[in-house]
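Below are structures written as structure tokens.
Two complexes, one shared chain (subunit A), two partners (subunit B, subunit C).
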Partner chain A sequence: MTRLASALDDLRTLDSLASRDTILAHRDPRAKLATTLAFIVTVASFDRYRVGALLPLALYPIALAALGDIPSRLLLRALWLASPFAVLVGIFNPLLDRATMLSLAGVELSAGWVSFTAILLRFALTASAALVLVASTGMQPLCAALTRLGVPRVFTVQLLFLYRYLFVLAGEASRMATARSLRAGDHSRMSPTVYASLLGHLLLRAFERARRVHGAMLARGFDGELRHADSWRWRRSDSLFTAGWGAFFAWVRIVDLPAAIGALLAGAAR
Partner chain B sequence: MHMADALLSPTTGIAMWVASGAVLAVASRHVGAREDDRLVPLMGMLGAFVFAAQMINFTIPATGSSGHLCGGLLLAILLGPHAAFVVIASVLTVQALCFADGGLLALGANMFNLGVLPCFVAYPLIYRPLAGAAPSNLRLALAAIVAAMLGLQLGALGVVLQTTLSGISSLPTKTFLILMLPIHLAIGVVEGLATTALLLFLRRTRPDLLGGTAGSPTGAAASIRPLLASLALAALFTGGVLSWFASTQPDGLEWSVAHAAGIEPHAPITPPAPVAWPDVNAGTSLTGVVGGIVTLALVMAVGSALRRRRATTARSTP
Partner chain C sequence: MSAAAIELSGLSYAYPDGTPALRGVNLHIAHGEAVAVVGANGAGKSTLLLHLNGLLMPSGGEVRIGGLAVTRATLAQVRRSVGFVFQDADDQLFMPTVQDDVAFGPSNLGLPALDVEAWVRAALEAVGATHLAKRAPYRLSGGEKRAVAIAGVLAMEPSILVLDEPSSGLDSAARRRLIDLLQSIRQTRVIATHDLDLVLEVCGRVLVMHDGQVLADGSPNTLFADSGLLQRCHLEPPPSGPSFRGCT
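Right after this comes the complex of A and B.
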């Protein structure tokens, strides 16, 4: 199975998680969106050599995954699939940045390794926060929240449509590819001419499906706008959620907690 | 290639967000003004098509490696630049949210590299003039390949500039360019060939789809100038506001802005003084590491306690 096919399978699971009744599902999607964005900006704002100070921030994705009852296996697999770019670019840091920064029991660690570790940590934190957001909210409420926050309706409607037909067309594509490979025998490699015709037919099917969907929408009185019933409204607990996490991010950003804990323990040991 | 959150500084990320957000607002208004409600399902479907196309890989002759379609240029040809940009922006958003591909802070940068550049630079400035009004098959192929190649080169350049301006990676601009541009030249040729193959296929089977949507050359050309102007203004404004903010903030933010402003154009990509462990001192290093481990253990403990509590409440309230 291709990388995308397994990623789509995981996405289906991820989205189905959002429909369950968890504590997180009751939060206003806008609160979760705003908190997640604040979290990501906080992570990105740290200096490139800070590893320790970033660690307390792991509480956000871990606590939300726990509250939303999101399996960590699913999150880890998605992270693994998405990691190559950050790893490939980051791995140059240890090669280029060789100044000694950290020495521990006689082992000296170069600044490059420290900043590479920081890149991996940043990647894990920001990516898992986005995944937790989707798994605890679902795509439809998220799009509704974006619309209410002033994102152009054309775009949010497009997001919903794309999301709805993603699985349909991807399923069609993978069935076409499977059918070809079953009949191809020795010619397991796909030649460009076969590719063009296969993809061309997929494109024609997409056009044809769009025409049918449009007809069906017109039959139901479509006037260019999608309407959905939102039951959620901003409560006091949403303000508390946003403010609480915001304060935590600010605290972690200002105070290097691990260093403080380390100093405390060292003092106690002495 | 997708820019990642992990390699981006907030300054660069937010500046790219504002620039791409401005383009998205203009493009959405433009699409809304077309008042063609067939466009809604069609755009959604073509976005899904771009996703699905990535599931079918073809073997590149003589190399054995495989390639797939990215779709920016194809969408611009089929839908026009504005609708195509909205579609690409939605694809990137779903990738960032659901596949951890790119990331939310990097979304603006990715929309710019993979959306603005192919739709508003490669398509109107390279593809259209090269293809002309009624191109022969050969001319169409040539235009698509050149436009796809240059569009992807620009995108790769964007990734390199955003990465080095952010200063998280140690790669110097020149080395990174030498790594990225040839790779993207190859990806661009593949993208151009795949786009051409699909265009020629449509031309043979459904010429109406190409004719109707690729039409109205005056409309597309006329609406791009105000768009580019608003883009430049938005970028300038954000850059100005953020560098003012950054000058009051220490650390990475300030450093990357200093770089962006060209204060140290020849300095290697290493900040003057790393602040995490200010001096190489075994004692401070040890307390840092011990503190880090204790913090991580605390975080994990809170996480598993929350999970356990959730499990017990779920059991007690069936």
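Right after this comes the complex of A and C.
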């Protein structure tokens, strides 16, 4: 539970970075959102055995993290904490897909290992792009941008609530875990009975707290719609940002750049 | 302007399990009054407060705010008039930055963006938290959170301010700033608290609650000198003695 709380704390820190004055913060949230969605679609469109062709796409999250002055340590830690999910998705590939696909310096690699590597790479690319998007924009403007781009309001409001209550739940879980560990003595491992009891209490406490948060929102005039006083204006630079990155993604998708560079270098060597 | 800011007639409330929390409370609070609601835990203070802006609806009786009966149909108007500051500021602060959080209420009023900005600035100035505008609420100290929570309510320019245990968990400096702030506010104030010294400095009237009823209603000087009453309601006289030093 503490690991979860720590991951969420990182996410909250990333979210708070959006209020800083950086080059990326000046881009219209719609431009950043549309570009990141295009990036994710591009990454997902590659064949499951293509690893090298994906590598140039790393330029996008790296460039955006630099423009947004986002600490790489924070990004890497968030990626590390989320990585078990990606590992779980691809862990059986090496066992199920054993046909030899390529040989690297005398070591034969099965198709399963190649596809597993591709899954991890895709996860790192898409997750880091999403984290950079949150860190440079903030969750609230992102949801407002989704609404402006035509996503139904009911969906974006639910997304914001989910985001808000995630922290409520993690806060309660963290406090309960601390309270338990302080009185656990030598019994550092949790018995199923205690675990079930903690989960039950967590649900009830989170429900009560969520009710109070909702009450506080109602008391300040919340009527089901989250309004955001934004002063967005789509500028020419936003069009250039979106079009430039879009062209880059298309280029990387059509041309296998690492293979082309390799062929070029091999030709020059001959 | 109607004669009473708040009027309760025969207000009763029972929890879903049937436990009665309020038993026929009658009350009349005039505009601009600063009223403290004191009593032991479980006396019904918070339940009473939650009725003032329709977060709880009565099982019996009626609540009127500025002459307007609190019903589902009038909730928007009532919540425009009654600002509620919760006991735990963390329940109230949920937006990414202090500025966004304070703007939440005015934005819901449908004000133009420029007006929202002006109201937010004024509210943050009033509580001395202008320098916190860009900070994330969850990174603030307890006193700062409380100040921002009050700013979030003041930004809606309510005519009545309801505060639930505003001084709980504050250190002496933060508590002093809170008292100064509460003394400077001109709106009608209803404050539920265990801090009887705060009551002496801020409130000109005290309601003593016991078992869901208002057992006594009077000036702090009179009620805090009544040791029998305090004992019956499980209260202790304020450490500094029963003499009102407030402004209203």
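Operating definition for what follows: the second predicted complex is superposed on the first by the 200 of 270 C-alpha atoms of A that agree within 3 Å, B and C clash if a C-alpha of one lies under 4 Å from a C-alpha of the other, contacts with A are read in each partner's own complex, and residues count from 1 in each chain.
The rule we apply is simple: a contact is a pair of C-beta atoms (placed from the backbone, for glycine too) under 8 Å apart; a residue touches a chain by one contact, two chains touch by 3 or more.
Keep in mind that what you see is a predicted model, and the values were worked out from it rather than measured.
After superposition on the shared chain, subunit A has more residues touched by B, the comparison being subunit B against subunit C. After overlaying the two complexes on the shared chain, residue contacts for A:Arg164 are found with subunit B and with subunit C alike. Contacts of A:Tyr195 after superposition on the shared chain: subunit B is touched, whereas subunit C is not.
In the superposed model, A:Gln140 lies in contact with subunit C only, and not with subunit B. Contacts of A:Arg209 after superposition: both subunit B and subunit C are touched.
Contacts of A:Asp69 after superposition: subunit B is touched, whereas subunit C is not reached. Legend: residue contacts after superposition of the two complexes on their common chain; A:Met217 is shown touching both subunit B and subunit C. By the touch criterion stated above, A:Ser239 is placed in contact with neither subunit B nor subunit C. In the superposed pair of complexes, A:Arg227 makes contact with subunit C only, with no contact to subunit B. Of the two partner chains, subunit C is the only one that A:Arg12 touches; subunit B does not reach it. Residues 15, 139, 164, 209, 213, 217-218, 222-223 of subunit A are contacted both by subunit B in one complex and by subunit C in the other. Those residues of subunit A lying in contact with subunit C across their complex are 12, 15-16, 18-19, 138-140, 164, 209, 212-213, 215-223, 227-231.
Those residues of subunit B that touch subunit A in the complex are listed here as 1-2, 4-10, 13-14, 24-25, 28-29, 31-32, 35, 37-38, 40-49, 51-61, 64, 66, 69, 86-87, 89-91, 93-94, 96-101, 103-105, 163, 167-172, 175-176, 193-194, 197-198, 200-202, 205-206, 209, 251-253, 269-271, 274-277, 280-283, 285-292, 294-296, 299-300, 302-304, 306-307, 310, 314.
Residues 2, 4-5, 7, 11, 14-15, 22-23, 36-37, 40-41, 43-53, 55-56, 58-59, 62-63, 65-67, 69, 78-79, 81-82, 85-86, 89-90, 92-93, 96-97, 99-105, 108, 111-112, 114-115, 118-120, 122-123, 126-128, 130-131, 133-134, 139, 142, 152-155, 157-166, 168-170, 172-174, 176-177, 189-200, 202-204, 206-207, 209-211, 213-214, 217-218, 222-224, 257-263, 265-266 of subunit A touch subunit B in their complex.
Residues 50, 53, 55, 76, 79-80, 82-84, 86, 88, 91-92, 94-97, 100, 103-105, 107-109, 113, 116-117, 134, 136, 138-139, 152-153, 156 of subunit C are the ones that touch subunit A when the two sit in their complex.
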